[in-house]
Every structure is written in C-alpha cells, then in structure tokens.
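Presented sequentially are two complexes of subunit A, the first with subunit B as partner and the second with subunit C.
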Partner chain A sequence: MTFTIPIDNGDALKNAETDSQRTLYPYVTGTSIVAIKYKDGVLMASDMGGSYGSTLRYKNIERVKAIGKHSLLGASGEISDFQEILRYLDELVLNDNMWDDGNSLGPKEVHNYLTRVMYNRRNKFNPLWNTLVLGGVKNGQSYLGMVSMIGVSFEDNHVATGFGNHLARPILRDEWHADLSFEDGVKLLEKCMRVLLYRDRSAINKLQIAKITEEGVTVSQPYSLKTFWEFQAFHNPTAGAQGSW
Partner chain B sequence: MFRNQYDTDVTTWSPTGRLFQVEYAMEAVKQGSAAIGLRSRSHVVLACVNKAQSELSSHQKKIFKVDDHIGVAIAGLTADGRVLSRYMRSEAINHSFTYESPLPVGRLVVHLADKAQVCTQRSWKRPYGVGLLVGGLDESGAHLYYNCPSGNYFEYQAFAIGSRSQAAKTYLERRFESFGDSSREDLIKDAILAVRETLQGETLKSSLCTVSVLGVGEPFHFLDQETIQKVIDTFEKVAEDEEGEAGEGDAEAAAAPAEQGGGGAGDQDVAPMEM
Partner chain C sequence: MTKQHANWSPYDNNGGTCVAIAGSDYCVIAADTRMSTGYSILSRDYSKIHNCKADKAVLSSSGFQADVKALQKVLKSRHLVYQHQHNKQMSCPAMAQLLSNTLYFKRFFPYYAFNVLGGLDEEGKGCVFTYDAVGSYEKVGYSAQGSGSTLIMPFLDNQLKSPSPLLLPAQDAITPLSEPEAVDLVKTVFASATERDIYTGDKLEIMILKADGIRTEVMELRKTLSECWQHTLSIVLIRISTLGSLCYLELCLKFSCVVNRFSFSYL
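Showing the complex of A and B:
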C-alpha cells in the first residue's frame, strides 16, 4: 500500500525559496544624505561610506548621482537597491532621450516616478530599502524632494535622511534661508556633516558635496572635515563612572 | 477610385504598391463633416461644423477634451473617433499619474499613429475610419497635428478635414503665415471664418459650429454660444456696413433698431408691466 505525504509548498510566506526573493533586511548600507536649496539650485552632501552592519566596510561609495540633465539623486540605505534604482532611471532617461523631441524629464517627473516605484514595491512587501533625495533645476525652478522606502514623499527647502533628520534638520531649520550663496550653502552643509561625523557611528570622514544648477551637475572630489577631539570630557571619559556596574 | 481585385484585404498590396483598404478608410474621413484647427505660438483653436442627422436629433460631439492641455477634433466614423479619444485620455492620465506632469502632445500623437498602423498590418483588423486633429501644448509651445487612418501624422500651422474642407483650406492657406503671432481673439475669429467657408453660402450661426480653445495658461474649454455669436457678429456686421456705404438708408436702418430698443426701454419705465 502506498500513500503520499503532503508537502506544504504553496504558502509564499513560509516557503524559503520565495522568501529570499523579497528584501527582508538591508546588508550594505549608506548613512545620511543632507540637501538644501540655495540661490542657484540645490546642494547635496553625503559621505562615501558603506557599512556592513557595524563594520565600516566600504569607503569609496558614491551615494549621489546625476540623473539626466536636470536632476541629482542621493540615497541612503541598502546600496544594492540604490544601484537597482539607478538602472531603472537609466532606462527611463534613455527612453526620454530617444524621443529626441525637445521635451525632457525634469526633477519633478523623476521624483514622482520614484514615488510610484517605491510605493508599489512597498505594497508588494518587497521594498527597495532606501530613502531617496531628489534635487534639481529646470527652467530656473529649483526642486528638492524626498521619497522613503514606504513611499512617503514630499518636497521641502531642505531635506535629510536617516540620522540627518535628527541631527542636521534642526540646524537647517534655524539657519537655512532663501537665496543662500554657494559658499554659505557649503558652510551650512559642512556644519551638518560635522555633527553627523561626531555623533553617527556609521559616518566616515570622507565626503562629497554635489551641486546642481541650470548649467548642470558638479560632484566635488572627496575631502575630509577638520575635527577636534581635545575636549576635556574626552580626556578621561570614565571619570565619575568607575567600575563595571 | 474604382473597385479592383486588390482591395478586399488590408494586408494585400496592389501591384503599384498601394494598400487600397487604407485609402478607402481615408475616404471615410472626407465624408464626415468639417473640422478645422489652427495654432499660434501660444494657443490652439479647434472648430467644427455641427451637422445633425435630422431636425429632430441633436448633433454629434466631434471635439473632445483629452486633458487640460490637449484637445482633439475628429472627422469620419465618429464611433472610431470616440474610441481613440478614450485611448488618448487614458494615455494622458496615466502619464500625469506617474510623472505628475502633462503628457507632451508630440509623444501622444506618435502613440496614436503607432496604434493606427497596427490596424494596417493585421488581416483580422480594419483601419480606423477617422481623421484626428490633435491640438496641444508641450515644452516647446503650441502644436497642431493631423493623424490619418494610415498611421501617418503631420504637424500643421492650420488644417481642415472632412467634407468641403477644401474651401476652408484655401482660406487658411491665404492667412496662415500670420497665425504664429496672432492674438487669441484673432485666432478664434479666423477659425470661425474658416468654418464659414465650408458652409458655402449658408448663413453662419453660432448653433452651427462648436469652437474650443487651449493655450499657455488657459486649459482646454469650449466657447459658449454667446461668445461665438459675438465673434460672428463682428464680421457679419462689417459685411453689412460695407453694403451700407453704397446707400445711407441702410446705415439709418441699422441705427433705427438701436433707437427703437432704447425707446422701448423708456416706455417700460413709464408704464408699469401689467401682470
């Protein structure tokens, strides 16, 4: 007498093979992006680190990229998902260019497209694990917006991702104003990045600042910020809390 | 064009390299009532003749809004025209939803033309029997296109399709060079004058035509009958005045009704209305 043992194979949530197709956790991640509108366009700053959990594994990752003629995209979160998004946008820009008809995708269009992609992926329980910052200039109009991994999307004069939201945006709320000059804008961003460098453990001291204006995109060479560690409190950090308990 | 042995199928070529079914479909466009389009740098005006089947029925809708920045006027098989308008609306709204930006009209007409071409290369389909005048805006300004059942599309400064459109085309050919810099009002006037040409002698009344406008800062909308009648009155009156120069009597006759209207109003003020 023979009988078959029923195998539970239908349930996607329990089936390991289907599960590995969904993003469950991020592995290699980038930390904050900070961006502001200024007089001629948008400035965006990010460091060049890619963390593997608590290890600062990769130190040369460009997390800000130019998209088409009019936009700049910065990403924090899973680096491989960011690369996937760049591939989607590559195809989008390619098709737009192939029309060759004098119309081109502006930052608003790219931002909206990304919002649709992120939200639809979230609805399928397979998110792209990123928070994206989209900045750009078209026809004299500056644009700066953000999309999160669950599809929350908005525009503002200054945006930040991750730790930047908690450490950088309070500084920007106090000190940002319209029509910042390029130098003032960079100084402001460096102030924010320095705070993040001191307080965010996934930040590294190697950053790039990207600028987008009507003329186009420029991404600076990587450089580091001057830091000061000689505060008295750091000299003898355990004073006042000796012992293990 | 006469019947021949190569015209049964859209997928049969004639020995001279023609697809007769496609050409017959273009004939259907010529049977429909006239539709006219003209554009300036910033505006597009679409106008058409309202012909009802009989006195008892209403006229068919021939101009459709596709989006705030795109409109289409059709001539030919109205049913085919409605289906294609629905397709255009769908494309425009999908683009708007994904990119929060209006679909450039130049890209829409290419999609439309490619859709029409499919029907010229499948043995189980027939070409759409409708010509479309698509007017819209994109980054480079106002555009007017004509989409053909053959799957071809052309850009125009001004064009007319449908029955007796040749008369309108002749009128437009005389005037088109000035359209680029025309004001919105002049463009509308020229459109209505072109419609008048297709009526060939029939008196032009606002009930006989439908006019729509779209432009920079002005979403697509239809002009109401009053506005159209006012424009008609400006040039119909000019025609009357020209005749009036020959005889003063006519000028007086024109002045008299105005006086009578004023006198009537005065009487009403004096004598109360009796309920």
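Showing the complex of A and C:
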C-alpha cells in the first residue's frame, strides 16, 4: 500500500523547518532481539552491532537496558531513536519515583506507555523507527511484550524482532515450554542467536544475554558463540554453480 | 524538488476475521485469535473481542491492531464518561451510534478497523451492527468482517435465509436458529475459513450474550488435516442429521468411511 507524505519543499522559504524534522529513513540500526519467558522471569538476547546501511559501523552498542526496577527494554532499529526512548523512560521513571509512595512501574505499565508513545508518533507521521521488546517481572508475574514502530503491540511467551521473527520464532514455537530453567533458556536463546548469526548479514558474533527476575536485572558480559564453518558446502561454495545457465 | 514518497506506511493489516449472529434472545460474537503481519504470524493467542461492558454490547474488530486498540480505548473512556453523566450504562444501539461517530471523526486519517458490534437491544432481542472503516453502519441479523469475510458472508447468507437481505425485503431482523445451532454454525464457518484464508486460524474465541450474562468458549482451529476434518465432518453431519433425512449417520468420524458413503465434493 503506497502512502504519500505531502512533503513539498518547493517553497523552501516558507517551509524552512517544517518537514526536515521528520524521520524518513533509519541510519544506524540494530538487528534482532530475541526474548523468552522462563521459570524465574525473562531472558533477552541481542548482539552488539550497529549498522550504518551495509557497513558494520559500531560493535559495542548495548541494545538491552534496564528500566526501573522491574523491566528490561530491548530495541532493534534506529539506535538514536532508542536513545530518545530511553530518555522518555528516564523521565517516566523519575516522575514515578517522585511520588515516593512505595509503588513502582511494572513491565505492563511500561509496555502500555511505550505502545502509546509509538502510536502517537506514528499518528504525527514522525515515527520512532524501532521495534521494542519489553520484558519484566513484578510480584511473581512474568511479562513479555513487543511494540512495533507503528504501534502494533502484543504479549507472548516468546518474541523476536526483525529477522528473529522469521528465523528464531519457529525454533521457539517448537522448543519453548513453560518453566524453562536458566541454563535451558540460555541454550535455547543461543541456538536462535547462532541461526541469526549464520543467516542475518547485520548480525555480529558478539552478544549479550540479559536476565530479569524478581531480584533484579543482570546483563551478561559480551561473549561470542562457537560457529562451525566446515560444512562441505562452504568449502567450495561455487561447486554446484559452474558454467552459465 | 519533487514530492517525496514515504518509505513506510502508517497502516498494516494484522488480519483476522470477526463474525456475529443475532438471535431472538441471544447474540453470538466470534473472532479468531491469530495476529499476523505480511506472511509472518506475530501471535497465535491475541483476542480481537472487546467487552464494552455496556449493558451487553461486545465489539469485535479486525484490521490494523494498533488502531483497533486505540479505538477500543476511546470507546471505553467515552462509555465511562456516559456512565458518570447519565447514571446508567449505554445500550447497544447507543454504543453503535457512538462507534460510528468515533470512526467518522477520523474520516481523513481513518482507523483501519473493521468492526462488528453485537449485543442485546433494549427489548432483549439480539442485534448486530456492521461497520466499514469510516463509520457507515447498519443493523443486521448477522455479519462477518475481516480477511475471511468474503469466504464466510455468502455461506451465512445461504444458511440464515430469513434475515438475509437477499430476500427483499428481509423478513426478519434475527435468525430463528436456536443458540446451540448458531454457535455450531459459527464453528463450522470458521473451520472452513481457516482452510482457505491464511490470516485466519489458531484459535476461535466465541462469546455468547444472553440476558443473564456472557459465556465464552474457545475452540482450536485447524492444525492437522485429520483433526480438522474430523471436527468439521462431525459438525456437518450433525447439521444434516437435523434435517432428518439420512440414517447412516452413526457419526463415524473416520475420513475414509464417510467418503465411501457420501459423495461430498466438499471434502
């Protein structure tokens, strides 16, 4: 469905600032986030790459951050928009803390807030170019949800953004079950991340896995996955394609 | 400088189908639970039905999920204000008008939502209102909206003859079917739509509104061929048996047995 935004800069003098402020394309982007609920809470995995088009420009970007006491936010898409969302959430959590009433924002509330923010930006034709994953635990209840850049949101036992939706989600649909132990959860996420590493060109082999439980948030140190390249097909990749067709 | 074309669309179709049937003292509202985007499935367990808590009015919407959610929130808050101002709940016809106005309010940047509102009117009879994306609506005896609507609507026209607008004028505003028959029909209809519409499937959520309350049923939709056909066959066979004509129907659910005895090209 084609949709034209009326940006007519013919009258540059009159429209000096108006339309150059809209998001037109993403510039520095992060690739997939994969997250699952497990026995004690939520596990979220992401790599640390920031691509500038087809260049892998940044290799040390943390795309998963803790929000308040009970939530974890992972983002794929435009990194600068992610940083702006973190600023919005900072303000939200600050205002919530200022009430000083013993209450704190749970993951459901943060997810709802983010959905409204994304939807409102879409209404103004100036989206935040991200797909966000929000996971957390409050009062023993685990929560895992996702919001897209146009405001589509839902919650589920396992979510994945971008390429992860195509490559990781089928694995999760097959192998996820309730009450995964921490080790099993990490193994499952690593399985998904390995597939993404092989098949997603914007993925890099440097990932972090973040865990959130009732106790709090832990983000692992960056590490690499073991990969195997000795498949026969990779030894001589053009073997089956000699000559012209 | 030439006009720039956007490289993103503010709309997306998240698929799904909604159906409602009105009866003499009940209303059945049903929707599948699949949420998709493009060729991917986002969720297999997403409810499209929203209970307006307005004196028996239930809204079912498919289309662009973010707009549907926003629409549901707007209606919910407007209903709350109404309750504060009038000290009573909104009736179903009142909610129907509110929904129409809300949709038209965004006539020039529409809610991409295809709605079916079902409930009981002031006399306790079932009523169904069907909408397009910009608010034009009509009180009908039954309706289907969403990705599977083109598959379902003609079948409903055929089965629910009396309220059908194909008989001019429609004889009844409601179907003479009993509540269990209507629920059965809904299940059949979704089982078939699931076969041919890729955006419809996973689970079926049915809400049955009656004067004494709302009942919810959830049914699994097509996963494997044998399960599906067994279920569909059992429904189809029961429906035929109610016509009283066939006595082979010991309800053998085995696919091959039935094929031997009947020549259903439908199968």
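By definition in this document, the second predicted complex is superposed on the first by the 225 of 245 C-alpha atoms of A that agree within 3 Å, B and C clash if a C-alpha of one lies under 4 Å from a C-alpha of the other, contacts with A are read in each partner's own complex, and residues count from 1 in each chain.
FYI, contacts are C-beta pairs under 8 Å (C-beta built on N, C-alpha and C of every residue); 3 or more make two chains touch, one makes a residue touch a chain.
Every value quoted in this text rests on a predicted model; they were computed, and no experiment measured them.
Novice: Go through the superposed model and pick first if A:G106 touches only subunit B, second if only subunit C, both, or neither.
Specialist: first
Novice: Kindly classify A:I150 by the partners it touches after superposition: subunit B alone (first), subunit C alone (second), both, or neither?
Specialist: So A:I150 only meets subunit C here.
Novice: Per the overlay, which chain contacts more subunit A residues, subunit B or subunit C?
Specialist: Partner with more touched residues of subunit A: C.
Novice: Just checking: does A:S54 make contact with subunit B only, subunit C only, both, or neither of them? Give me first, second, both or neither.
Specialist: It touches nothing on subunit B or subunit C.
Novice: Looking at the overlay, does A:Q242 come into contact with subunit B only (first), subunit C only (second), both, or neither?
Specialist: Neither: A:Q242 stays clear of subunit B and subunit C.
Novice: With the two complexes superposed on chain A, say which partner A:L24 touches: subunit B (first), subunit C (second), both, or neither.
Specialist: A:L24: touches subunit C, not subunit B.
Novice: Intersection of subunit A residues contacting subunit B with those contacting subunit C?
Specialist: In the superposed arrangement, which is not itself an observed complex, subunit A uses no residue for both subunit B and subunit C.
Novice: Of all residues in subunit A, which touch subunit C in the complex?
Specialist: Touching subunit C from subunit A are residues 1-10, 12, 24-25, 115, 119, 122-123, 125, 127, 146, 148-154, 156, 165-166, 169.
Novice: What part of subunit A is in contact with subunit B in the complex they form?
Specialist: Checking each residue of subunit A against subunit B gives 99, 101-106, 108-109, 112-113, 116.
Novice: Under the touch definition given earlier, write down the residues of subunit B that touch subunit A in their complex.
Specialist: 97-101, 104, 106-107, 138-140
Novice: For subunit C, which residues count as touching subunit A in their complex?
Specialist: Within the complex, subunit C contacts subunit A at residues 1, 3-12, 14, 35, 37, 40, 42-43, 45-46, 64-66, 69-70, 109.
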